[in-house]
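Labels run A, B, C and D following the written order; every chain starts at residue 1.
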Amino acid sequence: MPIRVTVWGENVHEHKNRTVAQVYPQTMHGTIAAALNGQDGITATTATLQDPDHGLTAARLAETDVLVWWGHAAHGEVQDAIVDRVCNAVWGGMGAIFLHSAHFAKPFKRLMGAPCNLTWREAGERERLWVTSRQHPIAAGLPDHFELEHEEMYGEPFGVPEPLETVFVSWFAGGEVFRSGLTYRRGAGNIFYFRPGHETYPTYHDANVQRVIANAVRWAHNPAPRIANPNDAPNVPVQSALEPITERGPRLHQDGQEGLR
Amino acid sequence: MPIRVTVWGENVHEHKNRTVAQVYPQTMHGTIAAALNGQDGITATTATLQDPDHGLTAARLAETDVLVWWGHAAHGEVQDAIVDRVCNAVWGGMGAIFLHSAHFAKPFKRLMGAPCNLTWREAGERERLWVTSRQHPIAAGLPDHFELEHEEMYGEPFGVPEPLETVFVSWFAGGEVFRSGLTYRRGAGNIFYFRPGHETYPTYHDANVQRVIANAVRWAHNPAPRIANPNDAPNVPVQSALEPITERGPRLHQDGQEGLR
Amino acid sequence: MPIRVTVWGENVHEHKNRTVAQVYPQTMHGTIAAALNGQDGITATTATLQDPDHGLTAARLAETDVLVWWGHAAHGEVQDAIVDRVCNAVWGGMGAIFLHSAHFAKPFKRLMGAPCNLTWREAGERERLWVTSRQHPIAAGLPDHFELEHEEMYGEPFGVPEPLETVFVSWFAGGEVFRSGLTYRRGAGNIFYFRPGHETYPTYHDANVQRVIANAVRWAHNPAPRIANPNDAPNVPVQSALEPITERGPRLHQDGQEGLR
Amino acid sequence: MPIRVTVWGENVHEHKNRTVAQVYPQTMHGTIAAALNGQDGITATTATLQDPDHGLTAARLAETDVLVWWGHAAHGEVQDAIVDRVCNAVWGGMGAIFLHSAHFAKPFKRLMGAPCNLTWREAGERERLWVTSRQHPIAAGLPDHFELEHEEMYGEPFGVPEPLETVFVSWFAGGEVFRSGLTYRRGAGNIFYFRPGHETYPTYHDANVQRVIANAVRWAHNPAPRIANPNDAPNVPVQSALEPITERGPRLHQDGQEGLR
């Protein structure tokens, strides 16, 4: 059974900015999904900010193995209830890949628990991505480095938690560096942040970038059943304790009572 | 100059539950603060849920080097604006220590980006904490293990991100284990989660527990100046690039424009 | 193509100790390999200390996707040249699973760079392993905990580096805990340490233990091509620099010279 | 009491290479030690390859809080027994800072358990180090980035384990990047790797570099007592178990017997 990917696009600049519309006539999310659909074992669909529930209903998330997220101009328009729903799906086992300016997307910030800030410059300068973890599955089939001739610069310090693994670090012509491929786990969900993808440049048409995203989809996919309630904090009654114990001392909770939140 | 600690207490069960009132006649936060004030180089004050702004005004946080947090019954009553303020202070460099049931406190969950759930049982059973990182500063002066004769059980899986370091793991008489001392960094802020401290037991009167909290305060203290705006994402103009570059390609942003959020 | 596993056994106590011989009439490595051969997509063979080159020739390692290692009585008899060969294979991408008393095996200590020490007691006491990372692939198909009625105790502090992820923590009847499932990466090789398996108990006949080992084999398998020389540190000539630079200042090395070691 | 630092220098190129002798008339280790001695609360002495026991007797290590290591031309001449002694001291709590070409020093490789390889180019090109962990103690008092006008290039992938924290990442004029400041813990010892310092350039005269090394000394210093035998793996007799247990099943070991190694 193929890995089911939902590519979420903010879908704003493609319609408001002539350059973006020209570079991505099929939209950015459409371009990314099309590239993923060309890969063995992956089937990708799209969802956008403008859809009801931003296209991310509970049913849709239940059928999504890996969510890919691109946003930039309208982070603030994403409803908090949908952010909660996405985070819960990740905690339950859905993979999540956040691209470029999604460093400031609400679900990414929520999952990181950190400011996720950086420095930036829009000058169409050269970016060179270096693999920092040899033979990492997300770098499968890539050379030790690859270049994007025109990209926006993102510079360190990048305000994210220490990752499980740093997979890519970027060099920029203007003199900055950036940890541009980072892995995390939150609950049962695997998360990958990947830096490239400013909307005025043809980054998502690049074969290496497409390969990284496809590799990351495979890496992030958790085949285990989705955890129904990833926030569950069950009481273990004294009678069910695995070792025989006797209740002692005062109690706050009554039998069968739920924990306080 | 001493490390300035604010011990935040929810301050509910001390007044509603006779047992808690008897165990902590000076309140829980008062007990913790008194123990810290008995330590060299630490000065501790308290703040509570019932204070204006929960006692956590911007001015108060600016004067707090390390915040200690205990809450249980009233997590939901903590205002979201204060949670944001606390997280920003942590990102800017304030240390934070979350105790026991604060695993479900809003600021802890926000900083972790994870469900932070667990299993639990209130049976007054024996807990034994083992040091898992030899000579770690948070374990300074402790034996390899110590016991709390009566404690609430918290069991794995504990739904938190992988820590920087696991400092303690707990054994429970009823058969469970728990990673009970965990370190994190978020932005410039050091965070420590420490498990013990159910309100019906005299845990915060225990000398080893008091020592861990004092050690954790020293460990979490970041003497660097607090970052004024830990979310700042400054534009680096092309003219100021560290290496000479020429602007190329189309642009989305105008000169001097702020980044999109 | 199946994952090719070599199960390495020290093969000493099976022949010297009557109890071990009775519990493992097919030897320990033979038992583990047989269980793995019952799994889809895995094919396992064995090698022992007594074989020429301990059964670990360069050719054999080249055909080994994942090496499983059990040793106890004869760590000191493993030749250093073979240890180097094993470490190089791991750095090049071979997976490695170290079982129980292999915490003191030469290749494990070499790969960890740490003392790998612990406390221990041989009393046939109950061990209960708790999953600490929900839905981790190494815990696939397992319940939240499982028990081994008779095991040797290993206690914290366990002198290993902080792992990438802690997958299991053990509870012991005598009062200790132990981080009993830990993941690492060294070079391109994935490493898993798994605690259970004292030779006088039937641990490797246990279905849950067999499942963990099979899961770990799948997790540790790196399908990328083995790196031929994982220690290579190539010089990048000035003429081949990716950005045009001019050589400046004094030099220590001549053109084409190898780096110093 | 000041932090006692031993700066270990290979002390070869200062005497064989005229350039190195001119740049470091007081030797490299002498220059580093002199800079440390100018810092409050640090007292530094030196030791060299040519000294008996390479200057690293057991007594000397016992009086060393933090060891700073620079080597390049003569890694192979360091005796294995001394490497073992250094690793044991680190495991027992001695801090260790490895500089530049010490990535291939025997004790660093032993402590990492990894190939520690990289790419390199000696062209006197510009290196710019970026702080990647805001307000980290090792970056105290530094700007967000600083430059070394002439340095040897080291390029990714750098074959080291994932660090606890990445503190610096370097940009090179020729197009490469490198994780140039990394923290680790092995046993009770804190370890920092810091990239700059090719012997033909005046790097250790640079104020920012000197500040990083002094900061790293303070960070690496573990004030806890040195562990006498960091490899100790004590047996816990059944009679001394913290919870009452009865010995069951067959045994391999006799009472009071040491564990097998």
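By our rule, contacts are C-beta pairs under 8 Å (C-beta built on N, C-alpha and C of every residue); 3 or more make two chains touch, one makes a residue touch a chain.
What you are looking at is a predicted structure, and each value in this text was computed from that prediction instead of being measured.
Undergrad: Which chains are in contact with both subunit A and subunit C?
TA: Joint contacts, listed by label: B, D.
Undergrad: Please state whether A-D or A-B has more C-beta contact pairs across its interface.
TA: Result: the pair with more contacts is A-B.
Undergrad: With chain centres set to the mean of the C-alpha atoms, which chain is at the far end from subunit D?
TA: So the chain farthest away from subunit D turns out to be A.
Undergrad: When the centre of a chain is set as the mean of its C-alpha atoms, what distance in Å lies between subunit A and subunit D?
TA: 36
Undergrad: At what distance in angstrom does the C-alpha mean of subunit B lie from that of subunit A?
TA: 26
Undergrad: Hunt down the residues of subunit A that sit against at least two other chains at once, touch-wise.
TA: 128, 133-134, 155, 159, 162, 164-165, 173, 175-176, 185, 187, 230, 242-243
Undergrad: Residue numbers of subunit B touching subunit D in their complex, please.
TA: 93, 128, 133-137, 140, 145, 147, 164-165, 173, 185, 187-188, 222-225, 227, 230, 242-243
Undergrad: Under the stated contact criterion, what part of subunit A meets subunit B in this complex?
TA: Those in contact with subunit B are residues 13, 17, 19-20, 72-73, 75-76, 87, 91, 101, 104, 110-115, 117-125, 150, 153, 155, 159, 161-162, 164, 173-176, 184-187, 198-201, 230-238, 241-243, 245-253, 259-261.
Undergrad: Quick check: in the complex, which residue numbers of subunit D touch subunit A?
TA: 128, 130-134, 144, 155-159, 162, 164-166, 169-172, 175-177, 179
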